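Note that the chains are named A, B, C and D in the order they appear, and that numbering of residues resets to 1 at the start of each chain.
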Amino acid sequence: MMQMQRESKIKIAIDNIKFPLLAIVFSFIIGAFFIIWTGNNPGVAYVELFSGSLGTVSRFGETMLKTTPLIFTGLAVGFGYRCGLFNIGVEGQYILGTVFTISAGWIFRDLPGSILPVVLLIAGALGGAIWAFIPGILKAKRGVNEVIITIMLNYTALYIANYVVRAVLNPSILQGTEKKAYSVMIPEQGRLTMLTEIMPSFGYSSVNTGIFIAIIMAIITWFILFKTTLGYEVRSVGFNPYASEYGGISIAKNITLAMVISGALAGLAGAVMITGLTYKVDMASGMPGYGFDGIAVALVGKNHPIGILASAFLFGILKNGERKMQIAGIPKEVIGIIQSIIIIFIAAEAIGSYWPAIKRKLTGKKEEEVKAS
Amino acid sequence: GCAQKEEPAPAAPEATTEEPTAPEATTETPEPAEPMVMGMITDTGGLGDQSFNDSAWLGLEKVEQDFGIERQVLESQSADDYMPNLVSFAEEQVNLIYGVGFLFDESMKTVADKFPDQKFAIIDSSGLEKDNVAEIVFAENEGSFLVGVIAGLKTETNVIGFIGGMKFPLIEKFEYGFKAGVKSVNPDAEVIVNYADSFEDSAKGKEIALVQHQAGADVIFHAAGGVGAGLIEAAKEEGFWAIGVDQDQSHLAPENVLCSMMKRVDVGVYKVAQSVIDGTFESGTIVFDAKNDGVGYSDLAGNLTDDLKAAADKYLEAIKAGTFAVPATEAEFDAFVAPAL
Amino acid sequence: MIIFIALLASALRLATPLIFSALGGIFSERSGVVNIAIEGIMINGAFFAILVTKFTGNPWLGVLAAMIAGALTALLLAVLAIHLRGNQVVAGVAINLFATSITAFLLEMVWKRSGQTDAVEHALTGNPLTFLEKIPVLGELFAGLTPFVYLAFVAVAITYYVIYKTPFGLRVRAVGEHPRAADTVGINVYKIRYICVMISGVLAGISGASLSLGTVSLFREGMTSGKGFIAIAAMIFGKWHPIGAMLASLFFGFAEAVQIQASSLGINNIPSEFLQTLPYVATILVLSGFIGRAVAPKADGIPYEKGHR
Amino acid sequence: MTNVVEMKNITKVFPGVVANDSVNFELRQGEIHVLLGENGAGKTTLMNILYGLYEQTSGDIFINGKLQNIKDPSVAISLGIGMVHQHFMLVEPFTVTENIILGSETTTGFQNTKLDMETATNKVREISEQFGLAVDPNAKIHDISVGMQQRVEILKTLYRGAEILILDEPTAVLTPQEIIELGEILKKLVAQNKSIILITHKLKEVMAMSDRVTVVRRGRVIETLQKEETNIDELAELMVGRKVNLKVEKDEHEAGVDVLTVRNLQAENNRGAQALKGVDFEVKAGEIFAIAGVDGNGQTELVEVLTGLRKSSGGTFSIKGDDLTKASSKQILKHGLAHIPEDRHKRGLVLEHSLAENGCLGSHLNEPFSKKGLMNDKYIHEYTRNLIDEYDVRTPSEWVPAKSLSGGNQQKFIVAREMNRNPELIIASQPTRGVDVGAIEFIHKKLVEQRDMGKAILLVSLELDEVMALADRIGVIYDGQIVGIINGEDANERELGIMMAGGKAQKA
């Protein structure tokens, strides 16, 4: 019995992986046609892509750097999804996360390096959580559709951040220096450690301890979802709010909480990018894009934290390898096309269920197949 | 690179006919097996921004034609790409890396330290104080001043418009320089200022232009990248004057682009590339201003009357001569007194 | 008065792409398919409108091309969502990314540069009904309108008629609420959904064309700048009803117009960033205050499987 | 008599299940033919094949003697087949007329594109008069009673000119009155030469309504019988495959203290109308108190209020003296409530969760199910395995998702979970709805067992038989009020029927 259980679990896992892998292969084949169209050699392009993302330890480091925010935003979207919430607002929560991190960096600039990074990460998470609390509470208490509110809040966050950077956290205001299009920097001791300082083989790569924080958050998210009563309640509400209510689970509480946790993860993404890479917030005319990437990451990863780790890594490879392809003269759009085709294939899960029928048609063994099943 | 392999074909004959220096430059290098490679990293505006990214790329194209170098580009998707993109080029050990835009400054400082032997150049930023970074900055306020003069004289309604992309200090340099120019020749004219909070939303650019025109503006200047496409479209439809920015934009609407404020990012890029090629690369700030023709105005469509040109040139000479200083910030503008010429 | 007319004209122009796209969303979602891909369809519409206008010189052929491109993009969503029973949100996200990439790619292949195309010579940026401009006072208003603005309101009327007054509309609504019930009375659920998703593509395609051909007569990467999502918001705001969606779109357009006009309206001391948030904050307040629960069609987003309960 | 329908050697294979195994079935012109079988026997599947919703794996269908390929419902409709489905196929926000004409609309106006609602409404009126199926053509579906909805379903088939009617478990949701009315409607239809296939579990109805009966068990036809030549006990045995006991064994009742006390309780329904207009009663330890009544008289609202799923608008209720009027469902569960909900898919189960995860629903915050916020998976699985064993829930393991169980087994699982809570008070709302004889017997036995252990049980049921077999006391609900409370042993069907229709009776 136990044996059977385990075997079937492995089988399910294989089934889950088989299809995405096929999808990736197909996407690369289709991508090759576009590369040929540009007059380039797809073989060369793909060698550039993979050597560019995995070829050396430094490049691998850069890939991990690209992967880091995707893990967070993927987890954020995925956690919301588990509670039946479609958090399109990860983008805005990320932005608020960065703003909170910078603010905390200024306010607590005198704290020692032993605690400041932690304070900054908490601040970022808090920023995202607050921003997500708005759609959460509105949905929970008033039944307002979270999709529309989060879309609206994305733009609001963008403009607020620009204002704050321009008129509040600007070095010209806080430090009396020249006016800049970006905020004050967070103090040295608040920054995350570069991995290359621990392992010199990472060379020039800016990958930092943020990647570990991301992986740990994935594990924690998995644990919360599948091992705690909170996760149980969140998932129950996600699947069937009526039955959950019946089982003494408060829908309103869990919707709000799930949204807040989702937002905290998104805010954490912002905090990690600030403390690990940029150390400041720029005025921006558009969204950073991590939120939308997060949707793809979460859904390709089937909203499972482990799947999200894998799919974030895949997207990290593509996004980092893209540089080398661009340098080789291949338009960056090709990577976008490949990415979107991967997602399209993943969305078309049921293609898998058409496979037996196609095979049957190909081999012409219709009758036998039916009888056997 | 693969893409470049095809390009030299059309580019080469052009280079030989137009610039006799080109073949010389290549023959000077004894081993042409390894041509120099220069990499450019755009800011998030990317190629096709109708602004400094395009202009810088144009400059590199000229370098490619003249000296037979290979140019490569990386477009940044978000601000978080700046550092990794710099690193990518540095890792390839290209001969010179350009970061297009002041937003590169912090990441360039870091990367310049990591790769002390790598040469870098940054556009629109100064004060990095790195031994291996050349800083290319422009006196946008001066160029804007000149088109401000033209606008101030050209307007019949005494209402003039300015559309900025975002309220960066950089864009404010355009704004206050322009306003100062207007004020110098036409103190009665009102300048309506709008910021689009975008460098891409051309529909919004058009809407803003229409609104400014509705409010009486008959000359509108923009410093808003792609948003400007909307201004020029509106000018075409409604028949008022638009003033282009960065490059000569008159080809977009020869009848309605009065003139363009020139910011010769291409020249800046070219100059630094040249210094690398002939081995005279120096770190530190190179200012491109009215004096060295780094900024100015241009009128390829020939819409400016001689009077207007004369007036603008009068101020140009005065600026070159240092007769007065053109304001670049709000404070400087408030303190600005129109020079009596 | 002049200011008000300008404001109104501005609001109408800004609302136009939203109206088309929101109507598209209504068709799709009323039949039970969530269409997050509106943004991507708009991008394709905007691009192909310019592409075809460039080669034919006829902007109306450009509009037709936008409709076809929109329909084909939507067909991709339809296949994914209806036949392959994929996750409709994922499919939409993928299509958005695909449209962004493919148009930028084609732009590079056709115009040999990136960022934006050349302006086409003949666009549809002028008022087609010039006789209306002779009306005193209001003439000003009409002078600022493009063919798309008029078309948008025609589209609202047609959509209303189709959805609420025709057998097809009755079937669409039934399929979106209770596909199995529709199936059991012999309605082909798949066919209805395919048609609706394609119609939604046609409308979003026109919406894209109204941005490129109808505003700046060229295509720029990123020119939709999230308008597809705002249109989805307008659709929800309008409770999946054509008139509601139209009003919501006008509200967005108006709020944006006010923001643009702020200085001429004498609002000078509010930072521009805050004015930018006006449409969004207003929407949030309205939705959470007065409108309350917007109930989606019951089967919205749920793939239909024949022979399942 | 001619055979209007002939299904020959029909086999239908679902992945892993043979739902129909070489089934032969005939329907004669003008007869009411009952298809009888346990849950999952394959009745619905067979009829879905006939109606074109499923395609048979093998076998042939003849309609009026001609071989037909019914590939989808539109073919069936054109052949004059109409089906009233087990779960109604009505679009809730639509009006009665809109539902009836859907798919066969009449048009007018420009290019005949406009819906012609007027003609449609008139035609609906006409047919509803012809067959005695009174409906309001302009009412919205969500505003009318279940019985009315069923009439709409029948009208839908008649509107399309159906000659062959399939009714899948039409009585499961009806009140006794409505069942009688339905019987009359069916007789009228047969009188007009329609032929009817009726699916049901209820043996009494078989005897009352049918001409012939075909018994199916596990996908096979066991026998087709003339009604006159059989009896309830034989049918039950054929259906289940063994002897069944249809009587509930019950000892004398020794009621204890009041457990649930309800005073002047008021509540609104989903549409904001007053559904409970001041309800008073109490349920004592060791008794089964049944609420009898026609569906839609406030039962749903009453149960929801008592279980914390709906806010009351006045009055109070308490469990063992603790006022819980304002309490959340969580708090009420803590006070010892067990609740078998009327809609198992909506409320009772999280269908996508495994049985184990469903097994701890409602107890998941209590030790040992969880400790300090951490789920105790090992215990939960062990506990669920026990539930499954003890209540004979047919499932491969506790790992499978709840949705993969048949309806009857899902219900048994819910009953198991709720009874094992060791509650003070059990609220059982239609605990045997849509469940087969074997499972009914089992669930009834368990309810009596709990009563004998001294639990207070509030039973809400639309089935008078069930109420009379189980209840120690019966409260009849009518229009949001308890119109009378009588002792179980004093109750008779006639008297209850009068009270359920709003007539007064003397209080017990």
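Here, a contact is a pair of C-beta atoms (placed from the backbone, for glycine too) under 8 Å apart; a residue touches a chain by one contact, two chains touch by 3 or more.
In this text the structure is predicted, and so the values were computed from the model without any measurement.
**Q** When C-D is set beside A-B, which has more C-beta pairs in contact?
**A** Per the contact counts, A-B leads.
**Q** Taking each chain's centre as the mean of its Cα atoms, which chain lies farthest from chain A?
**A** D
**Q** Chain C to chain D: how many Å between their CA centres?
**A** Result: the chain centres lie 45 Å from each other.
**Q** If you average the CA atoms of chain B and of chain C, how many Å lie between those two points?
**A** 35
**Q** Taking each chain's centre as the mean position of its Cα atoms, how many Å separate chain B from chain D?
**A** Result: the chain centres lie 75 Å from each other.
**Q** When you check chain D against every other chain, which residues touch at least two of them?
**A** Correct list: empty.
**Q** Residues touching two or more other chains, restricted to chain C: which are they?
**A** 114, 222, 225, 273, 276 - these are the residues of chain C that touch more than one other chain.
**Q** Could you list which residues of chain B touch at least two other chains?
**A** Touching at least two other chains: 167, 197-198, 200.
**Q** I'd like to see which chains touch which, written out pair by pair.
**A** Every pair of chains in contact is listed here: A-B, A-C, A-D, B-C, C-D.
**Q** Show which residues of chain A lie in contact with chain B when the two form their complex.
**A** Chain A reaches chain B through residues 38-41, 44, 52, 58-59, 62, 65-66, 69, 159, 162, 166, 178-182, 185, 204-206, 273, 277-280, 282-286, 288-290, 319-320, 323-324, 326-330, 332.
**Q** Residue numbers of chain D touching chain A in their complex, please.
**A** Answer in residue numbers: 13, 15, 57, 307-309, 328-330, 332-334, 339, 341, 346-353, 357, 361-362, 364-365, 370, 373-375, 377, 397, 399.
**Q** Chain D touches which residues of chain A in the complex?
**A** 1, 5, 227-233, 235-236, 239-240, 242-250, 370, 373
**Q** So in the complex, the part of chain B that touches chain C is made up of which residues?
**A** That would be residues 46-50, 54, 167, 192-195, 197-198, 200-208, 210-211, 214-215, 226, 229-230, 233, 237, 252-253 of chain B.
**Q** Residues of chain B touching chain A in their complex?
**A** Per the touch definition, chain B meets chain A at residues 1-6, 39, 44, 72-75, 77-80, 83-85, 87-92, 102-103, 106-107, 110-111, 114-115, 165-170, 172, 197-200, 329.
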